[in-house]
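Notes follow the structure.
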């Protein structure tokens, strides 16, 4: 049995609070166990520089952690004067994942800014960010539709993400921090509600892994994402 | 009557949630109306550089706003590569206010890091930060006492803060954003529970103010701080 | 008697040298005792970004200290790659103070850049900066009038500033560095020539202060600002 | 047939020039088709900060592109004042990949700095960097052994990397830039010479991909890495 | 005899490889002994900011060293977040030297970006950069002529550069690193093919030098530059 | 006749005010015509990092311009977050020039920080900085001798610097800004009082120059430096 008594194929308790902040076009608080992330979607009336004049929009993401979201205080990015490499990697992943299901032409020359801010970190912050950010993005798109900016929600599917890994030779779903820090293999999987992959990022820093390991981990991830998709749809409704 | 139906000498609904985060030695969520700030206190086993070898500790504060805490998205400090002037001013104020009641010798060569992160901003974020940070600091000191690091809570009084201002010729307590943005005079007052001043910062950017205005505003502030001190004591108990 | 033989309500010797630099539209060297600050006002033919198209102008200030203006050499801001928090706080204060008496519409879409550079520091550099910068700004406005940019000097009053504080239980006017560094309470007051307040910033970092202390300090400050206003008018003439 | 007349399962012409620079402990120029990367390994007699006193060493990587390695000139990171997100992601990947096969205890408290500088970019620069850097690292380790710093080459296997992707519905090995820029799915795979995975990073930014796609791409990658491993061994010999 | 058996008035073996990179409008690898520099010239369809609307073009240069071009690894500028003082000095020198022979009006409102990246450093990197960059610039101008952007190669002469110095009382031409690091006097000379000076930069950091020393060193430099000019013309042909 | 009625071989009016600031170990205001620079020398009880443990001291310089020292306001380096290339070049030159005559072993493990801050710029600020900084350095060394830190003033000669140039075909000494901005050839010369060269930096950005030009300019510079040396000695006395 796992540290927190879960089974290997079980995700942590999931809670998504919609309309978490009063001003953002979309905003949710997503909680997966002790991991808590505020995800907001802000609509800006101009597209990315490289898309000016093309009629296409853009979706970009930023990710941050509150200094005391972690067990020991983490120096504030703003104080160090730059975003650390890990955060940069994560925010690129979030943006890429969401963009993969959005029709940028239907968005028009607008940018949706996604902000994922980790209030409390207990493993899986990047995947929780993606899952929560997708809901915030949909809510912002609904607002855009109400405003007459767009005629339909321009997405081709739902996006959710989960971590899986191998800990003491066991394949496990949705690692908490204590599991994650001891994992031999660590993988983040981003999937659509059709069961297709958007991103597969597996790392065997402690030791390499086999094709069989990969297959087993992907199966666990598929089950996790399926559950996350259901929770997302319970909030957004059909789109 | 005011925008939100309050009387001129009335503060907004106040709620302080203690132990808001699982890892910090002290952490609260303070809500004053729609303004919501997470305040944490983190204990570090080394003092500030300029105090090394003196036996004295230090208290330092950092302040930030989530990008979408405000009505329109605010560029992340980390992305701009530096803390903006306003934030820097505020974090210096928070640190100074808390240090004024702490006996640094009794703290030993340690630093208490205060982090105030604004989740939602509706005016008065710096004063809410001070009021909340004081509670987080006391909770961290209780933890230090339990750990045997200190023998007593080394503070000489309670610290709370409130904004006051003149809006359309009316002196008002605890301005919300809409009031603050139209204020002719804006003042932040930090006080002890003995009714003494720690900081008085009054600004008449729109128009200068008289000694009589000052007197009236300070009286309002004293009443506000008295109520905040009560709420703080309800949480921390006698110290 | 004070360190430099002054009475508690006495300011230091004041000297304002007008037209200190050959190119600036307005430039003064202000000396208050050993504190010496070069204040310049530069006229730029564009307003602040957030005012483009509104017909309004802007006044913004920057403050710096020469590395050896202080008793021990201070690292150059440019070498550290950023303005320190104290300088940022001060330059915001200078800008705010001057803006409070200027009619931005009459200025037109222009910016007046104020630069205050401390050549020698002996306490009260921020208040000397404000007092000197006001004169430099008026001189620049006279130049604008000569150029036909404006029809009148668009200010509603004179602005001067002074520090007051409590040192060894004594309330004192215009603290020099040695007094300032031992002060229990330190206050900077910015006033108009009508005796109204523009800014009141009182700090009791060493110990809190009472309403009676505040009253006494403000009375001292009023007397100091009155004298500074006279010296300013002796240079600018009626405006 | 592909742009450059290769078959789908064919890698580009590979050339690894050993001892490319005169000073580095290990240095190679790796060429995969038109992609050219200088990879160096530099031995430093101190370990990473977080490992001081543990007896363990560290391997860290930096990655850069010459401004005109690309079709249009890319602004120099040093001029922008920071490493861009993509480069940061890549250098983290290179370091992680090499560390996965090195026994840090046998390395002693030393750091091997890996530098991968792209002279000419035509797709697959990150994977070429890993393949080349592995050789440079081994050469540096041989030098360490000669110096008596270590008794054996402390690696558990060979590391090579290759890109695969789906372009116009075809799965292809070792994408050149023109293929990469049109790819629907893009995957980088880092493998050991035992056929195990160190990293699998698959991205379907243009469109999601299925489990069958994944399987096909991984098979192509395995074949590519096998050939790269042979080329590496031809240079390093048995270790 | 010198370290590498050269005579005092002898330059190192010189090799200029043209069209070194596939994308740049002009690119060479210049080797002077062990010093190797990649010089590229990139044509951009906009001029420098301060020349907009004047019909004139601009030539600007950037200089960098690969981290392991030197005997001990040099921290990457991008990691330090800024270009070091020496590099900045060098890139200003390169730009200035090339601009001195170019007719900016004939260039039209375009910028030629020169990038000099040192692959291996053994003294004289800045002078090799200038000599190589001149060739790359001419090649880019030929490309511009082919494209119909310009009607003729708008230069008034050839530019080459060499270092000279006094080492152990001996005047020497083209110092290698070991000589350079022991030189009492170090001079860099940039000349035209007409034997005129573009830049003379002589430094006697170790000890001052006389007019006679200067004369002797300049004579050596003239001989060196003459040879470099021949090599340049062998590549570019008449222009 | 020149703009300001000087003869071609005439320097501008020179004034060096000693002990310009109250705290610095050495400080002068040097005025050459309208160019005014504050030069200070600050003694620090530690040497440069690379000299720790060698018994040798170091001399390092920083150079800055007040924003309104120039005809149009110059953005403050601190606001841009970095020192500009020209300033960096100049401060390297100042440090190198002074170090060339100082015996670092006799200085002991100390640093003399030189700060040159331009109050008003009218050409020749870098050369005036060197000439003034030399005097400030000597004054600081006298202070060190009085403190018993050193037994003698550890310099081998006096250092002064002047600009020369060719303007409208005329060779001129000590260019003012208007001359400098039109100069075809611009040269800065740093000399000892024995008439030897420390630095010769000649630039023909507008057009190349001949050996005859160089000879003529160096003769002018020698005459200028001779006069500057006399003025320096009048202040410092024999050393």
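Order of writing sets the chain letters: A, B, C, D, E and F. Residues in each chain are counted from 1.
Keep in mind that, in the parts below, contacts are C-beta pairs under 8 Å (C-beta built on N, C-alpha and C of every residue); 3 or more make two chains touch, one makes a residue touch a chain.
A quick note: this is a predicted structure, and the numbers were derived from the prediction, not measured.
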(request) Work out which chains are contact partners of both subunit E and subunit F. (result) none
(request) Compute the centre of every chain as the mean of its C-alpha atoms, then state which one is farthest from the centre of subunit A. (result) F
(request) Would you kindly say which chain has the C-alpha centre located farthest from the C-alpha centre of subunit E? (result) B
(request) Could you put a whole-Å number on the gap between the CA centroids of subunit A and subunit C? (result) 50
(request) Give, as an integer number of Å, the spacing between the C-alpha centres of subunit F and subunit C. (result) 33
(request) For subunit B and subunit C, let me know how many angstrom lie between their CA-based centres, rounded off. (result) 28
(request) Identify all positions of subunit F at which a residue touches two or more other chains, and write them in rising order. (result) 81-82
(request) Quick one: what's the order of chains around the ring if we set off from subunit B and go to subunit C first? (result) B, C, F, E, D, A
(message) Quick check on the complex: what are the subunit F residues that touch subunit E?
(response) 82, 85-86, 88-89, 91-92, 96, 99-101, 157, 187, 191-192, 194, 196-211, 213-214, 218
(message) Considering only the defined contacts, which subunit C positions touch subunit F in the complex?
(response) 21-24, 27, 34, 38, 40, 42, 44, 62, 64, 66-73, 76-79, 81-83, 87, 113, 115, 117, 119-120, 122
